[in-house]
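Both of the next two complexes hold chain A, though its partner changes from chain B to chain C.
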Partner chain A sequence: MAVTLDRRHRGASRWVVLALVTLGALVMLVPFAFMLLNAFKSPGDYSSAGPLSWPSEFYLKGLTTYWNEVNFPLKLWNSAVIAGSVAVLGVVVSLLNAYALGIGRVRGRLWIVGLFLLANMLPQEALIYPLYYVAKEVGLYNTRLVVIIIFTVIQSAFGTYLLASVMSTFPRSLLEAAALDGAGKWTVLWRVVFPNLRPTLAVLLVFFFIWTWNEFLIPLVMLIDNSTQTIPVALASLQGDRLMDAPTTNAGALISLVPAVLFFLIFQRTLSRGITAGAEK
Partner chain B sequence: MAKPKRLGYWLYLVPGGLLFLLVIGAPLVGTIYLSLTKWSGVGDPTFIGFDNYTRLFQDEVFWTSFKNTVAMIVAMVVVPTLAGLVLAAVLFDVIGRRFKPRTVNALRAAFYLPQVLPVVVAGIVWGWILRPDGAFNGLLDAIGLGALRHDWLGDPDTALPAVMGVMIWVQIGYPVVVFMAALQRVDPELYEAAEVDGANWWHRFRAITLAQIRPETFVVALTCTIAALKVFGPVFALTRGGPENATNVPSYFAYYTFFKKLQVGYGSAISTVLTLIIIVVAVVFIWAQYRSERQDREV
Partner chain C sequence: MGRFRKLGVAVALAAITATTLTACGGNDEGGGDGSDAKVLKLWHYESANSAMGIAWDKAIETFKTEHPGVEVQFERKAFEQIQQNAGMIINSSEGPDIMEYNKGNATAGLLSSQGLLTDLTEETEKRGWDKKLSSSLQTTARYSDKGVMGEGNWYGVPNYGEYVMVYYNKDLFDKNGIAVPTSYDELTKAMDQFVAKGITPLAEAGAEYPAGQLFYQLALSKADRAFVDNYQLYKNPVDFAADPLKYGAETFADWVGKGYVAKDSASLKAEDMGVSFISGKAPMIVSGSWWYGRFKDEIKFNWDSFLFPGNKLNAGSSGNLWVVPTNSKAKSLAYDFIDITLRPEIQALIGNNGGVPVAADATQITDPKDKKLIENFNTISQQDGLAFYPDWPVPGYYDVLVSGFQSLINGSKKPAEVLDTIGKPYADGVKEITGK
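Up next, the complex of A and B:
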């Protein structure tokens, strides 16, 4: 009797729980709804009918103004070149470092791994001024290259930490078998270790890409003109500008977040696997 | 025979090591050195010993920025971790077991979505929402609370709570997703056995969920705390540390001192102190985790 009562009670409460969590999820989405609603609303409409009204016409000028003003395709290209190069180079550097630390087990590896982990946690303010000064001295200031170099190192600090611990559990028998076949270290790395770690490397690649895409402080300091800036920096540097009325702000934010949301959808499965991998470390 | 072998592996550290020294090691040493000088970025720095540090500890803005960091830790670590634990457990244990997986995935995605955006974009959208003519005041009007209309980010009294609210919105998806993934490795039979024994949801949450996902809780708390100590983008986009430093944080304070006030020595001192605090926090966290794991093994 008690059991059936409990069952029925739970049957009702699960709907209450679902309703509450759904309400929470909707609250999370409200800002996106606000943004969509106002990205296609004319400034006049906005000032007369307010932010919550349905647009009286489908107004595209906010979007086109922003698109043309910042030369959005170029920003997209800059962001893609920077994030893409960092993802590939960062994974390669992490792989080489981790090969020496996780498989080569060089002396003092725990300290070296600890150093890399700590480096990943450093505030970028602790590096930015010397980097900025030297970049100016050597003519790399306001180039995509300097941002690529810096983030390759910052991301690979994390990658080294993660891959070193993954590689330390790499089956020794596989390595020994390859060594018996006369394979050198370089061959073992690319023929044995690399293929086995491909899933982890893919996760790392996606992480590096998205993290770099979303970075702000260093690109803000290093990239100062239209031809080099990334998507977030372009949006932030127009903030407060006369051009940025409510529809243009929302339209600018909307197209700035579209690529990020697309990556998320494309890489969702790789990512959720990766978050677990990261959390278990 | 063993020696050349080891040497061979060292070669693989050379490119990464050189890059590391160039981009992280040398600039860090440079910043620490500059923190002992007075410099505008042009000409030669003047060595002034610890003057920047004595000035720093008497600077009200510095103390305000660290007080605000505590608020950021509440908004980016404490609230999201607690809420994330409950949400993940509810999504996994209640909704996940009694509704379709698609329902769970959709709800999880909604909570995670803000984590995907460039945080500056999120900051700019929220900056507009919280403007005097923005959507939040519009919403208050619409539900008959128009009397509460306010310049949320422009008033020193409400700016910090408003920024905290935005940060909770940004952060919450991260613990939810990590904890839900963690729960997947918990044996479902544990829950079923507990249920048969008559344990209610709260008992199961405390005895099984919390105990099983403690490692992930440590990782989330550590990474979020470091992120809170370093927070820059949202503050830049929402308030530029204002009004009247009400939302200033160390990293924005350092940026402003470097690039707007051109006081490189002083900015370096702020950055150095922030770096030290982050290292201490990280070491304490890792030590605490190590200790708790060791205690587990002894039990």
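Up next, the complex of A and C:
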């Protein structure tokens, strides 16, 4: 009842907001519309009529060329393995770190969190040569494992920062009650803290997955064989020295985007389920 | 779990090897001529349907029939990956046995000075590659111990060439009753006629390489070989306030003032310039042979090209190089492959697909337009007319030139000011390289 009253009160401003949001969404969709438009255009058509024109024929060769030339299913598998592993491992590591920092209240935790954040803020270009050197010495250069390790560390740095500040506001009474019931640190983590943080962790999981999916520089440097490369690196192979093939690049971008969007849509459901589940408690 | 065990072992191993390896500090164990190698790992980054892509596919086939029992592991790479990481890749044991790499001081020169590329001088002389390549093509294949091109050992072998020319839309010339120019004066006259009809005669792109190349092309019309040696190979200091660079900048500004080049092209990219020519809007562009294959595929009107009128020297060079990394495990196979790519039939294949072969017999080229492209190149190459590119001499110079000529096109700076702003970074950069 209170809700409907509230809505009536705002009246006209609600429509203004709606119009603004719609406009914003449309603006966001414009690049996608262009991509869609040009993905189905032949290179000749693109060059003679420009990027804004309607395709004169439904041209699928760009899509098939890209699919076959880069061996897309293999790249998809590589990207999924890397992004999936990083998402899961990153969340686990973040949770453990943050438990120690946020609830365990380690001395000097502010500095530790700051240090973690530094790993996230440093430009990757600055990290790349040391990482390359270590990877080569350890014999992991040109393996997917090295990319998984690096991104687990980078992503969990951010995750630790976020979760540590969430956990520092965790109700102390809950923890004390659990301690009174005789729960050890491990039990508290899995039985009390973890269930309460599930929605946040799910969001982190999705973020880690999508961020890692889109990463370019480190995979580009670390994965030199075509058999280990990820989708963004494969997409870059369409860009030549002095020439570009805009329609094929658009077609490639379109196929490359689909898995990430699908992943998001699927997780969107579990996400909202997780959030409502958390709210009930 | 196996993954983690592998990691554990790897970390332990690394701890041991790191100390021993850095102690010997050489890559000598990767040496040897590898004549008994059974695998040739070959990388390049030309697209499959480009002239080089087609010709090299054929070269791989020939190689396979001549080396039964050798497996060729070919991978097509992203240009950017090689551009950014070549040093890291070939410094590891995961790199290729032979690969295509960019020519120039900042790329092949740098890697050769770091000892990452195999010295090919002996093979070159033995197999006669030096006799197939003209002297201005050899410039980009040879590097000094400091990594400066021009003289010294051979570290790469080019397969194709490139040069800057004038492409024109024949239909637009005919429709407006304008004659195709054959001299510099006729060129400016033709451009005046286009301007009078309200058409901007020359598409340009200020945000990327084309503007710098037009400036260089204009400067070269008043230059000789000594200037190119000074500018590109640091033989003597270059005066930016004097001809030919002064003439180049002033003429460029003059062309903008007369409306030959549109003021709003300052912010355009090379792709925009190419597309405005392909779509039939621009009568002419001054750009390189790398467009040729695409123009041939995509343009529907009558078009052709001519050498920049009146120039003996033209922006251009050899194409990218075949290089053999020091860590290559199959060096003698790599040399065999390079040799195959220089054979007449492979070179003719480059020519017949719209590329510019370095060692082709023009009579073997069937398409008349392709033939002209190659004959023009041979003309330049034989009169030692390849003058390289304006952004080559010092690292980071590309951006300096782009911003300089952007301000010249949009009229925010006078030619003398532009020359001043591009002259300083050049002098500083040369000082850093030569130590003078």
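Just so we're on the same page, the second predicted complex is superposed on the first by the 211 of 281 C-alpha atoms of A that agree within 3 Å, B and C clash if a C-alpha of one lies under 4 Å from a C-alpha of the other, contacts with A are read in each partner's own complex, and residues count from 1 in each chain.
Please note the rule applied: contacts are C-beta pairs under 8 Å (C-beta built on N, C-alpha and C of every residue); 3 or more make two chains touch, one makes a residue touch a chain.
None of the values given here were measured: they were computed from a predicted structure.
Asks: Between chain B (first) and chain C (second), which does A:157 come into contact with in this model arrangement: first, second, both, or neither?
Replies: In the superposition, A:157 touches chain B alone.
Asks: After the superposition on A, what does A:225 contact: first (chain B), second (chain C), both or neither?
Replies: The second partner, chain C, only.
Asks: Tell me which partner A:191 touches in the superposition: chain B (first), chain C (second), both or neither.
Replies: The answer is neither, since A:191 touches no partner chain.
Asks: Taking the superposition as given, does A:48 touch the first partner, chain B, the second, chain C, both, or neither?
Replies: It touches chain C, and chain B stays clear.
Asks: Answer with first, second, both or neither: which of chain B and chain C does A:21 touch in the superposed model?
Replies: first
Asks: In the overlay, work out which of chain B or chain C sits against more residues of chain A.
Replies: Here the partner covering more residues of chain A is B.
Asks: Could you say whether A:61 touches chain B, chain C, both of them, or neither, answering first, second, both or neither?
Replies: A:61 contacts neither chain B nor chain C.
Asks: According to the stated criteria, A:243 is in contact with first (chain B), second (chain C), both, or neither; which is it?
Replies: In the superposed model, A:243 contacts chain C only, not chain B.
Asks: Taking the superposition on A as described, I'd like to know which of chain B and chain C A:141 touches: first, second, both or neither.
Replies: second
Asks: Name the residues of chain A shared by its contacts with chain B and its contacts with chain C.
Replies: Looking at chain A, the two contact sets intersect at 47, 50, 129, 149, 220-221, 233, 236, 239, 246.
Asks: Would you tell me which residues of chain A are touching chain B in their complex?
Replies: Residues of chain A touching chain B: 14, 17-18, 21-22, 24-26, 28-29, 31-32, 34-35, 38, 47, 50-52, 93-94, 96-97, 99-101, 103-107, 112, 116, 118-119, 121-131, 133-134, 149-150, 152-154, 156-157, 160, 185, 189, 210, 213-214, 216-217, 220-221, 231-233, 235-236, 239, 246, 249-250, 252-253, 256-257, 260-261, 263-264, 272, 275-276, 278-281.
Asks: Which residues of chain C touch chain A in their complex?
Replies: That would be residues 3, 6-7, 10-11, 13-14, 17-18, 21, 45-48, 75-81, 84-85, 88-89, 91-92, 94-95, 102, 209, 270-271, 274-275, 278-280, 288, 290-291, 294, 297-300, 320 of chain C.
Asks: Name, in rising order, each residue of chain B that touches chain A in their complex.
Replies: Answer in residue numbers: 6, 8-13, 15-17, 19-20, 22-24, 26-28, 30-31, 34, 41, 87, 90-91, 94-95, 98-99, 103, 106-107, 110-111, 113-114, 116-122, 124-129, 133-135, 138-139, 141-142, 169, 172-173, 177-178, 181-182, 184, 215-216, 219-220, 226, 229-230, 232-233, 236-237, 250-251, 254-255, 258-259, 264, 267-268, 270-272, 274-275, 278-279, 282.
Asks: Taking the touch rule as given, give the residues of chain A at its contact with chain C in the complex, in rising order.
Replies: Listed in rising order, the residues are 43-44, 46-50, 69, 129, 132, 136-142, 145, 149, 220-221, 224-226, 233-234, 236-237, 239-246.
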